[in-house]
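Handing you a structure now.
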Amino acid sequence: MAYFNKRYHPPGTAPGTLRELPPSLDQPVHVRQVRYSRAAVKVNTETGALPLAPSTEIEGVTWLHVQGHPSRQLLTEIGERYQVHPLALEDIDNTGQRPKVEAFDRQVFAILSVPRFSDGRVEVQQASCVLGKGLVLSFCGGTEDPFLPVLKRLQDGASRFRSRGADYLLYALLDTVVDQGFPVLEAFGLELEELEEKILLRPSRETLPHIHAVKRELILLRRMLWPQREVLNALVREEQDLIKDDTRVFLRDCYDHTVQVMDLLETYRDMSASMLDIYLSSVSNRMNEIMRVLTVIATIFIPLTFIVGVYGMNFGANTKSPWAMPELNWYYGYPLIWLLMLAVAVGMMIYFWRKRWL
Amino acid sequence: MAYFNKRYHPPGTAPGTLRELPPSLDQPVHVRQVRYSRAAVKVNTETGALPLAPSTEIEGVTWLHVQGHPSRQLLTEIGERYQVHPLALEDIDNTGQRPKVEAFDRQVFAILSVPRFSDGRVEVQQASCVLGKGLVLSFCGGTEDPFLPVLKRLQDGASRFRSRGADYLLYALLDTVVDQGFPVLEAFGLELEELEEKILLRPSRETLPHIHAVKRELILLRRMLWPQREVLNALVREEQDLIKDDTRVFLRDCYDHTVQVMDLLETYRDMSASMLDIYLSSVSNRMNEIMRVLTVIATIFIPLTFIVGVYGMNFGANTKSPWAMPELNWYYGYPLIWLLMLAVAVGMMIYFWRKRWL
Amino acid sequence: MAYFNKRYHPPGTAPGTLRELPPSLDQPVHVRQVRYSRAAVKVNTETGALPLAPSTEIEGVTWLHVQGHPSRQLLTEIGERYQVHPLALEDIDNTGQRPKVEAFDRQVFAILSVPRFSDGRVEVQQASCVLGKGLVLSFCGGTEDPFLPVLKRLQDGASRFRSRGADYLLYALLDTVVDQGFPVLEAFGLELEELEEKILLRPSRETLPHIHAVKRELILLRRMLWPQREVLNALVREEQDLIKDDTRVFLRDCYDHTVQVMDLLETYRDMSASMLDIYLSSVSNRMNEIMRVLTVIATIFIPLTFIVGVYGMNFGANTKSPWAMPELNWYYGYPLIWLLMLAVAVGMMIYFWRKRWL
Amino acid sequence: MAYFNKRYHPPGTAPGTLRELPPSLDQPVHVRQVRYSRAAVKVNTETGALPLAPSTEIEGVTWLHVQGHPSRQLLTEIGERYQVHPLALEDIDNTGQRPKVEAFDRQVFAILSVPRFSDGRVEVQQASCVLGKGLVLSFCGGTEDPFLPVLKRLQDGASRFRSRGADYLLYALLDTVVDQGFPVLEAFGLELEELEEKILLRPSRETLPHIHAVKRELILLRRMLWPQREVLNALVREEQDLIKDDTRVFLRDCYDHTVQVMDLLETYRDMSASMLDIYLSSVSNRMNEIMRVLTVIATIFIPLTFIVGVYGMNFGANTKSPWAMPELNWYYGYPLIWLLMLAVAVGMMIYFWRKRWL
Amino acid sequence: MAYFNKRYHPPGTAPGTLRELPPSLDQPVHVRQVRYSRAAVKVNTETGALPLAPSTEIEGVTWLHVQGHPSRQLLTEIGERYQVHPLALEDIDNTGQRPKVEAFDRQVFAILSVPRFSDGRVEVQQASCVLGKGLVLSFCGGTEDPFLPVLKRLQDGASRFRSRGADYLLYALLDTVVDQGFPVLEAFGLELEELEEKILLRPSRETLPHIHAVKRELILLRRMLWPQREVLNALVREEQDLIKDDTRVFLRDCYDHTVQVMDLLETYRDMSASMLDIYLSSVSNRMNEIMRVLTVIATIFIPLTFIVGVYGMNFGANTKSPWAMPELNWYYGYPLIWLLMLAVAVGMMIYFWRKRWL
């Protein structure tokens, strides 16, 4: 994830302005229009089709889903057809928004983040939903449509789902988005356990960027998921005609899921911070051990080298003085020197051993 | 404890879905049905028995306890017989939930965590309770039944307990679960004291994984126990017909226990964080001491080795020049060199001593 | 940014006192007077012109903008003409204020911070706005006028903007100021990514002041931007006749932007703190690696030097004893010594290799 | 202080259960019964005496104080005589409770912690108070009675104290307990200042356990004192017939003292955390200085030792070649070598000096 | 500042007790009595004068200021004359109080802290104010009277100030005290900038105590200033007859100043914590650089010393074996050895250079 991934207008732009897409965002866009009532479900995925008019049947629900970043023209068209507030349209267009919920005159507008985990990296897409009377509009970035299971339930399921109204559809969409957090966090959990083992058993230089990557992804992911709690909480509590009381029970369940996701995320952040500390200690422990043994070896040889140096002095050539290195001429001089050196070496080793430096 | 220990459905699954158990969770399940009133207690532990119908007596209480992970079929059956909300059933099935309390139409549903300490590791089981009119359902994972003392009190006790109603039974169950925290924290307290002594007196390489393990268990345990405060608080405060006022006094006492448990847990977390710092300082202190002494030894011998090297030079062979190492031919040359070296060594040691480097 | 950048009076000065400008702040001041209604816009930028009287038309709006630090005389004049509260005038004069909003009798007074990013450093100017009936006064420090795009929209735009009243103008100004945060944070995001790469791949001594600079700027920037949240929140929520309900929708959008700005800022602070840790680990990893290899080299040569020292001893000159270094006279003595040394060196390298110290 | 110092029942025990004392807690218990009214004070300290009946005079107050851990029998007796709630009795018995206040039917029950400082260690005793109509029961662990000054004031004082009622007596007891915090914190303040001086001027290995001990005591003390704030706050604010309005002024003053105690404690915690950082830096600074000087010495001698080694080579014995170490035969060869070595040593020292490594 | 600077009574002392001053606090005390109304100001600074009776004129204000620690007798006298609550008198006497505000029957009592910066150290005095009807009592420790500018404004100013009543006088005093924070924080800001430069450019051993001193002063200062926010906030919000509504506007401005002071203080604390980290990194960076270069030098000479050691061996004396160091007898033996050593040294330097260790 990039540190800054928000589209924004230059300061001073009029609110509600939509912009042409930069080429980098110009990917294929898929529009799916679903209209259902207790009795039946009709699905229309022709890309070029005009958006349907809002359902006029009393109990029917119209669901329009746009997968990929819609063009300025498409967005304007949808906005006009369904009377979406310009500020909502701007937020749909400027992806990278913080999750939020906003109540406009006759519509509720919600933005959530859809996380996905692949190869140790997390990718986040913005999902925006508009709830109107008998109407749900949903928009999701990227190429993978997270709402296919909901469509399937609509088509497969008994008439229960279909008869519950647009607010239940909104819940189903939000729930799907929020539950995307669990597989991502499960993957992170496994990665943390793997990392933990590596750190304690065989820390290497490659472990450091790995820890940093995990920490970074968790910090950025937290930023995208943390506000989802407030979003669901607001939906559960706010006085809102569009959301019926028996849907609120389900939204509360969904709110619980956001709390669980954040709980796990916070725990993981704690653990990853702790792991950096442990890594540092572990590396420095290993290093200390090496340095200690090597220094001890060096220190044992230093007096020995001094001794052999003494007998390398050329005083022995002075034959006039009995003080001039008489040891050189002793019968057992050479073996005695070896004994002396052995004694010094063993003595030092015993000393080091006793002090537990070895 | 694993970092991620929650069962969850694939995103997009319909709410209230129950799943077949994975083989790993397929352990023996024990069902115990208790029906009591002021006068008597009847206990039925036949595994295959069908759940009893809810008590029809005005003051009787039916208590159904399931030990182990119930199968999909058993759960569905219980859910239908006692009209448990599908979302509650889903949470009973998907263990690893965050503790929470939920009020459904005519029932209160609570999830708590039962910690157990064995061999320096903590294991947490999910305990779920449903309180209805004259009805308590309880579910606990694992093989050890934490509610046996409550059953014993029901059977032994005077009629006081039996005449207090289902809400008091719920309190007795919750209190038992919450109090499981004390022995666990006592064990942690002892472990921390032991660890502290080790760190200050004889830090070793094995201490590091030990500190990490304690810290990790505390972080994970905190995640499972922290929300219990809110659960008890909600039960004490919420307007709820099912819970009588004189039971609330007891629930408040139980709430106090959750606060004490969290207080201790937070203190322990602080202490374990502090211990890592102290460990690092302690290790680095020991290391510094070793390095300092060894370096001082090496430094004392370096000038001496230089001196003996000087007299190992072959200038003495040049007999034509009086400048060519006349020392070699002095009568007391050799002893004088030893005196020089002794003076250098003693001088350096005094210098180091004065500077407090030794 | 300096740590302390607030102008203040000596303690005990009467409230509302204005002071002569210090020479350092004596920069050219530009006054722009705009009067508009649905129909037309009149702009007057003559520097010497007296402030206009407040508009008397029912739907007209007077906007007076002062760019640069106004002189004591100009401020007094404006204050009297538009009946600005003396405490507000004092806060306009004493730049470096914390963003805040204050409701006086018939006016709302708001202070915001305008950040700008140039060359890795952030500069913050104080923007003050006064909202009265049909009146907006705005003041901005520095030489760059951030409100030019708003003027342009007034002049270009359809009559929509012009007919919305003074509160919408205030919103437009605040929105422009708040949105200045996004380009600044985008620049910081890029800098952090660059820094991150540097830290992980090639940490150098110059990286440290760089990390510190980023951290410092983020801390100081946070101080200036954090209170903007409260300011916008207060404007959205407070009961205030001067702000109409349909402007509140826009202010709420603007509030969301302040939340996003702070969110990013907090995330960046987390990241920059984390980067210092990673830098330290990275540098110490590199250092350890160097020290290890060098120490291993030294350690291998120490026993070898000892061996050659042994055969530099002058015992061989003692021809009377068969114990006096007979090796020197062996036929293959010299090559054997080389073999011995080779064996020692290879043996140690194998040992180090096995212990993974190499 | 131990990490875990709470007595608790095995999970599942019935609420209100009292237990036989373990032998370790079986210390002498002193019971003091005081009955006073405006006119007079009667004190009865006979250990074996039965508790008095509650006072029947309208304005008289009965104060029963138990010093030391009461036996199960004594507690039961007191509980029955004064109708104390079983949960309160249980909390009096299970010492190590978190400070709290609980309102039962006609009584207020409060638990506080009495800290004492001796020899750098803090000891905490539990003090429990029950306030009824015309009745105060107080219990304090340990052997030192903290309430003697209150008794003295009752006996010495004018009739003011005696005529104020039981709630004022409760205040006097709580105030005495809370004020015990000041001498403890004063002692900690002195210890911190001493520690600070040690750390900055002459950090040693013994300083580390000292810092840890202070930090540990502060963390544990905080746990016992922090909740006292809430206790006093609750007493000041809660609607409670037993506490008269003019006593509340005094309780508010006592609340202020708890706030001051916590404020100091938090500041000390900050300081002790900061001291560990400073200690680490200080030790590593000292170490670095030693290592640097020693390494510089070693580095200066290394090239010199190399030079003398060169002239220890036996090439000079080869008399056939003019290339074979002709220096050995120069007239001034030996002194020249000394000059060379002097030049190298001085050159390196100048280089190190310039680089500020010396 | 000392860690503990609070005067307190022994636990168990009766509330409202005043004590004789310890000799250390027995400094000269100056009493100034001011009585003013719209028309005139009368000042009486005779030290021995008895306190004036409260003003009986409807609009007159009596202001009594005591500079220095008042004696027990003086305080008792003032307390009786103006009917100050004993608890307030006790708090005036026991300096080192936490800032607070307390509403007694007909008086408001406020304590603030007056910080002063001199020579890098902060000194804090307690200022206490009592507001009654037509009456303000003020007490300030130390020898410097902070309220002289207020007196001057009273004497110089137009009748505006004099006609505003006692609550405005209280505001003027509080504002003066709160604004003392700005010069102190400005001084800290400059010190931090200086420290920052030192840390990044030339960290030395003296920098560490400096950082610690700044951090310590900030922590202690924060403790004394933090509660001033609440004090001003309480004065602005509380229902209080003694404070008129148009004074509240000014108190709100004063509250803003306390917020700004705390904001800066928090930022400085963040910066000083960050500086310790940077200092550590900076020192360790410098150290690493030294160690690296020195170790590289040592490592280059180690193989060279080994080589010259080889040719110092006495095998050459064995003239019977052609294997006995034939190099010694080669015609170009000696220059070839030099070449070999040069090659080794250059090779190692190239290797180190490539690895960027030099």
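Just so it is clear, A, B, C, D and E label the chains in written order, and each chain counts residues from 1 on its own.
Here is the rule we go by: a contact is a pair of C-beta atoms (placed from the backbone, for glycine too) under 8 Å apart; a residue touches a chain by one contact, two chains touch by 3 or more.
Since the model is a prediction, treat every value here as computed from it, not as a measurement.
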Which chains are in contact with both chain C and chain E? none
For chain D and chain E, let me know how many angstrom lie between their CA-based centres, rounded off. 25
Please tell me the distance, in whole Å, between the geometric centres of chain A and chain E computed from their C-alpha atoms. 40
What parts of chain A, by residue number, touch at least two of the other chains? 284, 291, 295, 298, 302, 305, 309, 312-314, 317, 325
Building nodes from the protein chains and edges from chain pairs that touch, which of line, ring, star, complete or other describes the result? ring
Report the order of chains around the ring; begin at chain D and proceed in the direction of chain E. D, E, C, A, B
Chain C residues touching chain E in their complex are 2-4, 6, 8-15, 85, 87, 97-98, 100, 102, 104, 205, 208-209, 212, 215-216, 219-220, 222-223, 227, 276, 279-280, 283-284, 287, 290-291, 294-295, 297-298, 301-302, 304-305, 308-309, 311-314, 316-317, 325, 328-335, 337
Can you tell me which positions in chain E touch chain C when the two form their complex? 146-150, 152-153, 157, 161, 175-177, 179-180, 182-183, 185-186, 188-190, 192-193, 196, 200, 249-250, 252-253, 256, 259-260, 263-264, 266-268, 270-271, 274, 277-278, 281-282, 284-285, 288-289, 291-292, 295-296, 298-299, 302-303, 305-306, 309-310, 312-315, 317-318, 320-321, 323-325, 355, 357
